[in-house]
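Chain nomenclature is as follows: A, B and C, assigned in order of appearance, with residue numbering initiated at 1 for each chain independently.
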Amino acid sequence: MKQSCSKGKIATAALLATGLTVVCTAAVAKTVHVTFTAKETTVAIDNKGTEYPAWTFDGGIPGKLVRVTEGDTVDFKLINPKTNKNSHSIDFHAAQVDVLDEFAPVKPGHTKHFKFVAKHAGVWMYHCGAPTMAQHIARGMYGMIIVDPKEGYSDKFPKPDREYVLIQGQYFPNADDKVAMIENRGWAGALINGKMFHYDPVHDPDASLVLQSKPGERVRIYFVNANINMPVAFHPIAGI
Amino acid sequence: MKQSCSKGKIATAALLATGLTVVCTAAVAKTVHVTFTAKETTVAIDNKGTEYPAWTFDGGIPGKLVRVTEGDTVDFKLINPKTNKNSHSIDFHAAQVDVLDEFAPVKPGHTKHFKFVAKHAGVWMYHCGAPTMAQHIARGMYGMIIVDPKEGYSDKFPKPDREYVLIQGQYFPNADDKVAMIENRGWAGALINGKMFHYDPVHDPDASLVLQSKPGERVRIYFVNANINMPVAFHPIAGI
Amino acid sequence: MKQSCSKGKIATAALLATGLTVVCTAAVAKTVHVTFTAKETTVAIDNKGTEYPAWTFDGGIPGKLVRVTEGDTVDFKLINPKTNKNSHSIDFHAAQVDVLDEFAPVKPGHTKHFKFVAKHAGVWMYHCGAPTMAQHIARGMYGMIIVDPKEGYSDKFPKPDREYVLIQGQYFPNADDKVAMIENRGWAGALINGKMFHYDPVHDPDASLVLQSKPGERVRIYFVNANINMPVAFHPIAGI
């Protein structure tokens, strides 16, 4: 499967923003190798470049998109470099493994390596689960894994003309107040693929990206709510 | 289609409270003319008449019910009188238009006029979207548009014996604290069709209205959640 | 119907924790007698025994599980002993009765007795509804009634290998701040069947219970959200 929306500059904004990993659909299950490196670094959380003391997978918020097909094996490695100050971990909602082993915290200077079979098609969150988990997610350690159905496109799951990946998170200016994060206090903005007003030049003069489609196109949106303790009522609006 | 619940005094309370616009179903699509005038005025937000510095469509909270049939054209006009202090706008969730044009803020002394086709049957919110949108909604600028299915009643959508329109909003005593509204802090009550304990004489001695039905009747409730950032778990209870 | 999960010590933890009432399915509708006594007492709200000034049905949080079959009559009695300081009541979501009569507050020293037919299969909450209801629930007066479908197990509702009852509530350290309870402020933990980290020895060294299943088993979870004003995104994880 090719990304049908990979041609135009604007249309691919959201996919590229998450470091899209394009994976070809094969007739037989395959093994997909994925390596994440935990990076404690600053990232821009808005369009004008305001810096945030983030904890990330590979340096960005959110982490890279992982995309596989139902039945594939994910061969996963998490590297937590010696230079980090915190333990980190991975929790793939698409995996059915022993959370006490595969998903356990990895200390700085250590690496975790395991495999899992993506048994269930769907759109799944992944995140760091090291304590305090709420803080690790709020600092930026989250992303999406798409497991495409093994039968491919069908009447029930028609081929889209365009696809967008949208991952919503919360911006907590006080990156140290774990209790506020858990209690849903003190957040000051919604991060869409890591930035406030990311694709909204109407409300933010510094925004340069938009999500675009043509009349009549079928647009499929893959959405993950990475808020700590707050539901999302997803509500897209559009200009012409 | 006639309102089957338009006979009794009590039963029509909720419908009348929202300034019901009764629209007849026709065999062919028609044009429905709707005009709203933005009014910055005080309204009673409880049954004993406590006043609130509201911003409204046509002077009440919520705005008038708009009811059309799938395929109808809504010919809409928003008047923002010179005497208002704020820009206002309309955002019909039932419309597929250019939010940058049709839904743009209208300055005091100006009028907006546009048409849209109600393509999708359903129960939709409308609201003012002028910035800060959360405050414009919290002050009272919201309502419901029902788009009835063009095929009329069917086995899947049977004719009800009674219909109620219920629109829930939040009462923020501090009508100026926009950040609190967005962060879901400081609200002090739930407004049902604009009033706290509106149809609840059990908990409010000043309440005079009730929603009523007879055993065995089919009651259809049209509900909109106009809270700023809070889900609603709709949970009706009844006395005999 | 027998509880298929009633053999092992570990597997029955959740069921026993709620004081499971095992009820046999009969070919004909039957009358099930249930009596609750309101008890204002201290209960342990974590695994190390931290005491909380609770209000309870029968002395525990949550109240006893009630389990009947669709069509059964529940003959219910609520006793509010003279020694209590507050009025209490019952509100069965599985019942269709007059809330002003059957669900009315019962003063200390009084008893309420009524019957209802469980007409709709499902998993339902019950709770005390005496004012201030939020406080009565937050103090512990809630539980679950399961109404099994009268046709028994079927392709659509297959027989499980194991069943767990999980009821989530909020722990408000300040048991007197009713407004905070309503506004979802000041809670400090999630109670699962009445205790924080109840079945989570990974995060709590004092935890001794786990919910267990074998690979391939069908596990049915009956869940009630007894939070005051907060949704729950139910998300079980497991170790091996």
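Methods note: a contact is a pair of C-beta atoms (placed from the backbone, for glycine too) under 8 Å apart; a residue touches a chain by one contact, two chains touch by 3 or more.
Nothing here was measured: the structure is a model prediction, and the numbers come from that model.
If the chains shown are joined wherever they touch, the resulting network links each chain directly to all the rest. Put simply, chain A has to spin 120° for its C-alpha atoms to lie on chain B, with the angle rounded to a multiple of 5.
A straight line joining the Cα centres of chain A and chain C is 36 Å long.
Counting only residues that touch two or more partner chains, chain A has 231. Across the complex, chain B meets chain C through its residues 185, 187, 202, 230-231, 233, 237-240. Residues of chain C touching chain B in their complex: 91, 98-101, 103, 183, 229, 231.
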